[in-house]
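Below, chain A partners chain B and then partners chain C, in two separate complexes.
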Partner chain A sequence: MLTVENLSASYGPVRALSEVSLAVERSRITAVLGANGAGKTTLLRTLTGLVPAGSGKASLDGAEFLRRAPEEIARMGIAHVPEGRGVIQELTVEENLRLGAIWRRDIDVQAKMAWVYELFEPLEPRAGKPAFTLSGGERQMLAVGRALMAEPKALLLDEPSLGLAPLVVASIMSLLRRLCDEQGLSVLLVEQNARSALSVADDAVVLSLGRVVVSDAADKIRNDEALRHHYLGF
Partner chain B sequence: MEESMVEAKPEPKQLPAAQQPQGPRRLFGQPLVRNVIVGVVALVLFYLLIGHLSQYRIYQLSQVGPYLIALVGLSVLTGQNGQISLGHGALMAIGAWTLTLMQLHTKSPLWLMLIASALVTMVFGALLGLVAARLRGPYLAGATLALALGLPDITTRYQSVFGGYQGLEVSQPNAPSFLGAAATPTEWLAIIEMICVVVVMILFANLLRSRVGRKFRAVRDDEIATQVSGISVPRTQVLAFALSAAAAGLGGGLFALVSGNVSPGGYTVVLSISLLAAMVIGGTGTLAGAVWGALIMVYVPGWATTLSQKLSLNQSVSANLALAIYGFLLVAIIMVAPVGVQGIVRLVIFKIRNLRKEPG
Partner chain C sequence: MRNFWNFLLIGVSNGLVYSLVALGIVLIYRSTRVINFALAAMAMFSTFIAASLIDRNVPYFVAFVAAMVFGFLLGAATERFVMRPVESKSPLNAVIVAIGLLIFLEAMAGVIWGAKLRNFPSHFSLIGLKIGGARLAISNFDLFIVTVVVVLLLALLVLFRYTKLGLMMRASAFAPEVARLLGVRVGRMLTLGWGLACAAGAVAGLLAAPKVFLFPNNMDGVLIFGFTAAIIGGLDSPVGALVGGLLTGVALSFIGGYLGSDLENVGAFVILVVVLMARPEGIFSSMSARRV
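Here is the complex of A and B:
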């Protein structure tokens, strides 16, 4: 279980997150919604150590991980799929996947890769091709596949729908749901596209100017018209 | 290990035989065997070749080795790991003085002195890497430039140790008796160099195929994606700098042997910049590119001089003209081959292969 308590972060004098709290249990997806500049990406980057955390706490299954180095946090079982795909362009698809598990010497990389290729079928025929030859959707698949290679406990996704066709988004979302249930992952899903995120999420948190303004079950937020109009624009 | 995975995935998809891992292939797999065979063949051919060359030609050829080894290090650092260094001339100097001082004050065998030049420089490279890991792009270039500018002055500041402007003499090793009386010190040095070149090339070729090589490239391409994959970016950068410096140090040690002396004038910032230029012209990031770069560094200035002398101009004009021709050639190569000589070679090989594939 992923727990965040009163997390704050700043870029110099500018406050980007103010006392954000949330919890994601195993096999559950929490969507993080909000307008541009609400602090969604900052939340993920602070959790994975890419942005220095101010005050607050964050733990995974009881183990504190805030304020550690990014690679240490990754090694604790928190996989981050950064905004804009987060694949290494010049490496091949296979090398990218191997990279995801590079610090784990206790898993069978070959079998794990075969499993990822089964999840994301378009990747397999492209195993030997450099990642920059992939389409946007395939890159997103590769980024998620890379994150899954090390058998994480928590998966943090930053706008996986960015720039993808609705059909591709739908298939990625439903795959996410399946993965979350089968692997017992705690998923934190940051999305601009509130409608598709709410379609798979169990819970949702709405951020505005770095604060949590709403935190509720996903279907409640989906059905609350006033809230949707005010914060989510649909 | 395999059994634990079978639970997670009941029916592992069979990969084609060529992709199946062959035991502990990380270090002792087929690519290594292939590289060693190519290396040994190259060594034998080289030995046969120097039997047909004049002493002067062999001396000229033996200037290629030190540059080549230093260029391999620089090219891996810049092309594979994305860190620029304007200080590799200074790192060569550290290797050169290490070998010279050992020769002067100890009775170490040659192989030990060469290894020591690599290791001592590696330590300096790791320290430099610690600084480099905090700097990017132009700031890193600036910091390494400071090393290239500052280090030669240390040798003149502490004259009693490093010999000042005059530098120190380096004696060339005599050939061992099993090569027969025919082998001159020049020939022996060329053979030593070729052995060093082959060993360094094999080590780096395998390093780049290993997980370390993958880490280097990952750091170069996307630091954030690398970090969130559980890889320490600074540690990888320090490692790259240390290994690159070790190559530069070995190159420097050999350079001292070939030159017969070390003096600050041989390791100015010009050397660092020449190395950088040769790396780009040869083809950044490739081992074969380092070979082209080193050949160009040694032979093109000579050709330029010969060319300008043929024009029978007066001495000062022809000396400057040689530099101008050299500069012109470098610009021309860059314009014809923006990805370096090795880029052109690859393109030609690719085209030939495609021609063969086309039906009759």
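Here is the complex of A and C:
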């Protein structure tokens, strides 16, 4: 279970996050929604140590991880798939996948890779190709597959639908749901595309100017027309 | 015609040394975006360590390896304690620190070992090989240079292509932030990269010293040729460093051979300027791939 309590962060004098709290239990997806500049990406980057945290706490299954180095947070079982996919373009598909489990000594990399290829079939024939030859959707598959290589407990996804065709988004979302249930993952899903995020999420928080303005079950938010109009624009 | 072949062979032998220097520059540039001008001084310092050991009757090859290890440690320590504090600032700061380190190390070498020219043993004969009746311009030592550089390049190739460590180092160089999110301890990889680069520099120093003699500034000229080679290769490609070194070595050997050795330095600058004007990203750079 991933817990965030009263998290604040600033870029110099600019407050980017104020007192953000949320919790994601195992096998559940929490969507983080909000307009551009609401602090969604900053929230993920602060959690994984890329942006220095101000005050607050964050823990995974009771173990505090905030303010540690990003690589140590990753080694605690928190996988962050950054915005813009984050595949390493110069490396091949297979090298990207290997890298995902690089710090795990107790994993059968070959078997794990075979499993990822089963989940994301288009990747296997491209195994030896550099990642920059992949399409946008394939890159997103690679980024998620790579994150799964280390068998994380929590998965933090930043805008996985960005720039993808609706059909691809739908298939990635439904796969995410399946993985979350099968692997017992805690998923924090940051999305601009509120409609598709709410279709798979269990819970959702809406950020506005760095604050949590709504925190509720996903279907409640989906059915609250006034709220949707006001914060989510649909 | 015999001159032509001799100039070519000398060019290849010298060029491989420039390749090593270029490799030292490239390994650091592509992971930290710093041009390590101190590489010349680090190579020189490591060579002096070997010379001191050889003076104390330590066998040549033991001294050779010791100088490599020293170069590695010097490079690693430089990254960890000198460069790390300025890493997050503008790249210009790091370059100025590197130049400061160059001056510091060269002055220190003068203080410790004196500033006068001295011989450095080559272990292998420097006299040209005889084939048929003709004496070639390349010697057993040149063959040794070729062997050492080829072995070293193959070892680095295996490290980068086929090991977990090499994969982590490449990931750290290409995308440090993503690498950290995947649990790679990028700081350690940078330290290691600097160590390897300066070990390559140390080998270049050991191979160049029998020809350019040993004194505190002895590698400055070689650094300029190596830098030219690195620019030709695109500054971030190890293969480019190899090819750039060979091209630079052969070009300068022809310029020196046919036009006079005074023109070698000028020739290097002309090549540098022409490459920077015509193809600033170099021949082997992966920059274009990154723009996708």
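Basically, the second predicted complex is superposed on the first by the 234 of 234 C-alpha atoms of A that agree within 3 Å, B and C clash if a C-alpha of one lies under 4 Å from a C-alpha of the other, contacts with A are read in each partner's own complex, and residues count from 1 in each chain.
Quick note on the criterion: a contact is a pair of C-beta atoms (placed from the backbone, for glycine too) under 8 Å apart; a residue touches a chain by one contact, two chains touch by 3 or more.
Worth saying up front: this structure is predicted, and the values here are computed from it rather than measured.
Colleague: Does the chain A-based superposition show chain B and chain C clashing or fitting?
Modeller: clash
Colleague: So in the superposed three-chain picture, is A:Ile107 touching just chain B, just chain C, both, or none of them (first/second/both/neither)?
Modeller: first
Colleague: State whether A:Pro130 touches chain B only (first), chain C only (second), both chains, or neither.
Modeller: Only chain C; A:Pro130 stays clear of chain B.
Colleague: Given the touch rule stated above, what does A:Ile88 touch, chain B (first), chain C (second), both, or neither?
Modeller: A:Ile88 contacts both chain B and chain C.
Colleague: Quick one: classify A:Gly56 as touching chain B (first), chain C (second), both or neither.
Modeller: neither
Colleague: May I ask you to decide whether A:Gly210 touches chain B, chain C, both, or neither, giving the answer as first, second, both or neither?
Modeller: The answer is neither, since A:Gly210 touches no partner chain.
Colleague: Of the partners chain B and chain C, which touch A:Leu99 in the superposed model: first, second, both, neither?
Modeller: In the superposed model, A:Leu99 contacts both chain B and chain C.
Colleague: Under the stated touch criterion, name the partner, chain B or chain C, that contacts more residues in chain A.
Modeller: So, of the two partners, B touches more residues of chain A.
Colleague: Let me test your reading of the model: by the given contact rule, A:Pro160 touches which partner, first (chain B), second (chain C), both or neither?
Modeller: It touches nothing on chain B or chain C.
Colleague: After superposition on the shared chain, which partner residues are touched by A:Trp115: those of chain B (first), chain C (second), both, or neither?
Modeller: In the superposed model, A:Trp115 contacts chain B only, not chain C.
Colleague: In the superposed model, identify the part of chain B that clashes with chain C, out of 9-17, 27-35, 99-107 or 351-359.
Modeller: 99-107
Colleague: Counting contacts the way the document defines them, which residues of chain A are shared by the two interfaces, the one with chain B and the one with chain C?
Modeller: 48, 50, 69-71, 74-75, 79-80, 82, 86-91, 95, 98-100, 102-103, 146, 150
Colleague: Taking the complex as given, what residues does chain A use to touch chain C?
Modeller: Going through chain A, the ones touching chain C are 48, 50, 69-71, 74-75, 79-80, 82, 86-91, 95, 98-100, 102-103, 130, 132, 146, 150.
Colleague: Write out the stretch or stretches of chain C touching chain A in their complex.
Modeller: 164, 167-168, 170-171, 174-175, 177-186, 286, 289-290, 292
Colleague: Over in the complex, which chain B residues touch chain A? Could you list them?
Modeller: 1-2, 4-6, 8-9, 12-13, 15, 19-21, 211, 214-215, 217-218, 220-222, 224-233
Colleague: In the complex, go through chain A and note every residue touching chain B.
Modeller: Contacts found on chain A: 48-50, 69-71, 74-75, 79-82, 86-91, 95, 98-100, 102-103, 106-108, 110-112, 114-115, 117-118, 127, 143, 146-147, 150.
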